[in-house]
Amino acid sequence: MNSDKITKIVLFSVSFIILIVAGGMVFSLVGGAIPAFKTFGLGFITSTHWDPTHGQEEYGALPFIAGTLITSFLALLISFPLSFATSLFLGEYYRNTRVAKILGTMVDLLAGIPSIVYGLWGFYVLRPFLISIGFENQGFGVLTSSLVLAIMIIPYATSLSSEIISMVPNDLKEAAYSLGSTRYEVILHVTVPAARSGIFAGYILAFGRALGETMAVTMLIGNRNIIPNSLFSTGNTMASVIANQFGEASGLKLSALISIGLLLFVITGIVNWIGKLIIKKMS
Amino acid sequence: MNNNILQIKDPILSIQNLSVAYDKNVAVKDVSVGIKKNTVTAIMGPSGCGKSTLLRVLNRMHELYENIQTTGTVLLNGEDIFKMSPIKLRRKTGMVFQRPNPFPTMSIYDNVIAGYKLNGISQKKAVRDEIVERSLRDVVLWDEVKDSLNKKGTFLSGGQQQRLCIARALAFNPEIILLDEPTSALDPVATSRIEDLLIKLKENYTIVMVTHNMSQAARISDYSLFMYLGELVEYGKTKNMFTNPQDRRTEEYLTGKFG
Amino acid sequence: MKAISAKDNISLRTKKDRIFLGLVVLFSVITASPIVLIIFKLIEKGYKQLSFSFLFENTPDTMEAMTAIASNKLIPGGIANGILGTLLMVGMAAIIAIPVGIITGVYLYENQRKWMANITRNVSDILQGVPSIVLGLISYLWVVKHVTHGYSALAGSASLAIMMLPMIVRSTEETLKMIPQTLKEAGLALGIPYWRVLFGILIPTGFSGLMTGILLAVSRVIGETAPLMLTALGSSVINTNIAKPTSAIPLVIWEFYNDPNMVDLIWSSSLLLMIMVLSINLISKQVAANRK
């Protein structure tokens, strides 16, 4: 009996560690962000001015927030037809076949490629290709980074969606077939509506993943602190500015970067939470 | 005081005013009964009557679940089971479950002495070998597996696996063996072998078995408990209960008026 | 009611059906193509540089690289400092994250309905979604600033450990949930204390599931660059002092990328990194398959 009690205590206390880490994170981020917010107030979020020169420091996060949201959203848009088609391939048309297994493995591998490798490939392969078909700005910019980002998030959206699609009950589909529907019509009118929330949740989670992506985007977005005004414009994201400017940051600059980290944390947290809520609602 | 409950002299297990409730639902209502040593006692009743709950109280496995309250006493050989350490109690009682569940990562040999091994009790190899052989012989499995003791038990048939689980329970030489519908997942041939086994085992052990199969109870049990909605409706010699049930509910159950 | 000309309608619908299938297949192939393209590129440009010495020598400095390029030779040196740094930091992260993750996973498995466990589970899920750069930031604030007073391997592994933790927690809980309840009951019914049931029956039975989760977590963090940039910083030599800046394969790649003389080395280093990630993935798939 005694050992059972001890076991219970150990289990409980060790699980506390993760709570402490998470709580500590929030605490440190907020604490580190306070100086910046104190100095610039809410203007921090709306200002586009970023000047680290000593003596006239001023920091505003809007370009980065815009850059992050725009690239992630664009990536989602670009990846949508590709990952939707792939999830239909894996979960509906070729479910349980050898081809699907191979394709599934290949898509899984996409998720395993490190971000920096995507960045290198984007820089040395994709960019020259885009320049050759007429991109400006040396091929850097929002569209380029969104393209690579889209490839990176496809596996996340696909794996969840294909699973949900494959779980649509057979009898629902059979009912539609017996009424003379074509496969396309069954997918359109039965399968997709039934799997709707799962598919949606998959994209929300993919979006959350895109928001936090650092290396690949840093290498392709051009790193200019402006709000992008076109697809081909360069810009910057929250994650990349932290990575790039962290160097010997201290004092107010460090606090500004931490604030951006806090914003990133909050935004990704909310997006992921919404995704998980939808998944929970389904089961 | 329910007159339809046979009084047993010097019962090995004495259940007194036992009530069990989960949250607000009372699963077992004020049951008092004595189990006789070296017999097979069947606990019968329709689904939800509390028979499995009652069985699990006897080795305090019911405590695995949250929000469960028990009142009353259970005495094993005169000792209050709620006052002794559950680990000690569980070594005096062996339990066999509905679906055969040998430990999949252990060999047949290790499964039989799992009770000792996992308790950190180390013994000389000769002692261990003897325990394993004895237990496997007791369940009439020794000849079938003696050359494959180091193989994992999963290649055995359902019936053999269940006998292995019984052997595992016997290794500690428990006083009471508790079985929860032990043959409901087995085919008729395996079932009848286990039934024969239980009749043989009662010479050395006391068997308490939950069954939803009335004919099984009629075939092998000496005494039967009939439970309905948590209450102990009737208890007595099986032969008498089946030929001359005292309570109307018992009669209706036995004649199949409700499942 | 006007009857629909059934014949026309069907042929149109059939055409739509076929076109849709064609699009699905086309897009699926497009989706899979980057993996092929990327791997081929890495092999094409990287295999020349891969050799024994590549694995065992430290990164060259920019002068050596420049002279080698000028005389059209292969750049000397290797990425040993990166390889060892990665092994060191991922190893330390694993040592921290595996026990904590498994025990937390067990806690969640045993307490499915308790509110405290639910909060812990939700926190773990949230933590899993935090961008790695933010974890690097945190590790900087905690370890670099207050523990090692400078960039260090310890800080690097701390950020990796926080990344691995939620993955291991989740896979442990899911694995244990798939073990039939009756095995646990059989163990307890034998009078075995719970912790022995856990370590003697449940964990061995769920071993391949737990292993898969751990391997996947490792393969995920091996390629991480961003958090290490803020914590381990990098080093041109092999470092075994955990309180000092340390290199790692992704950091080495980043250095090469930023140095015009060493740019050619990025391919072989990336190829090596990919080989490591793919091998671990393959091993974990094997482990999962062996479960059957």
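All chains are identified by letter, namely A, B and C, in their written order; residue positions are counted from 1 within each chain.
Just so we're on the same page, a contact is a pair of C-beta atoms (placed from the backbone, for glycine too) under 8 Å apart; a residue touches a chain by one contact, two chains touch by 3 or more.
All figures in this text were calculated on a predicted structure; none of them were measured in a lab.
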Query - Distance-maximising chain from chain C - centres being C-alpha averages - result: B
Query raised in the report: Among all chains, which one's averaged Cα position is nearest the averaged Cα position of every protein chain shown?
Result: C
Report task. Find the geometric centre of each of chain B and chain C from their Cα atoms only, then give the gap between the two centres in Å, rounded to an integer. Result -> 49
Report summary line: chain A and chain B have mean C-alpha positions lying a whole-number Å distance apart equal to 55
Query raised in the report: Using CA atom averages as chain centres, what separation in Å is found between chain A and chain C?
Result: 16
Report task. Spell out, as numbers or ranges, the residues of chain C touching 2 or more other chains. Result -> 193
Query - For chain B, residues contacting two or more additional chains - result: 86-87
Report summary line: Within the complex, chain C is touched by chain B residues 59, 61, 64, 66, 86-91, 93-95, 97-99, 101, 103-105, 114-115, 117-120, 165, 168-169, 172
**Report entry** Partner chain C, residues of chain A touching it in the complex
**Finding:** 3-4, 6-7, 10-12, 14-15, 17-19, 21-22, 24-25, 28-29, 32, 81-86, 88-90, 93, 103, 106-110, 112-118, 120-121, 123-125, 151, 154, 158, 182-185, 187, 205, 208-209, 211-215, 219, 239, 242-243, 246, 257-258, 261, 264-265, 268-269, 271-273, 276
Report task. Spell out the residues on chain C that touch chain B in their complex, using ranges where they run on. Result -> 113, 180, 182-183, 185-193, 196-197, 200-201, 204-205, 207
Report summary line: Contacts from chain C onto chain A in the complex sit at residues 13-14, 16-17, 20-21, 23-28, 30-32, 34-38, 41-42, 99-100, 103-104, 106-108, 110, 116-117, 119-120, 122-134, 137-138, 140-142, 162, 165-166, 169, 193-195, 198, 219, 222-226, 229-230, 250, 253-254, 257, 266-267, 270, 273-274, 277-278, 281
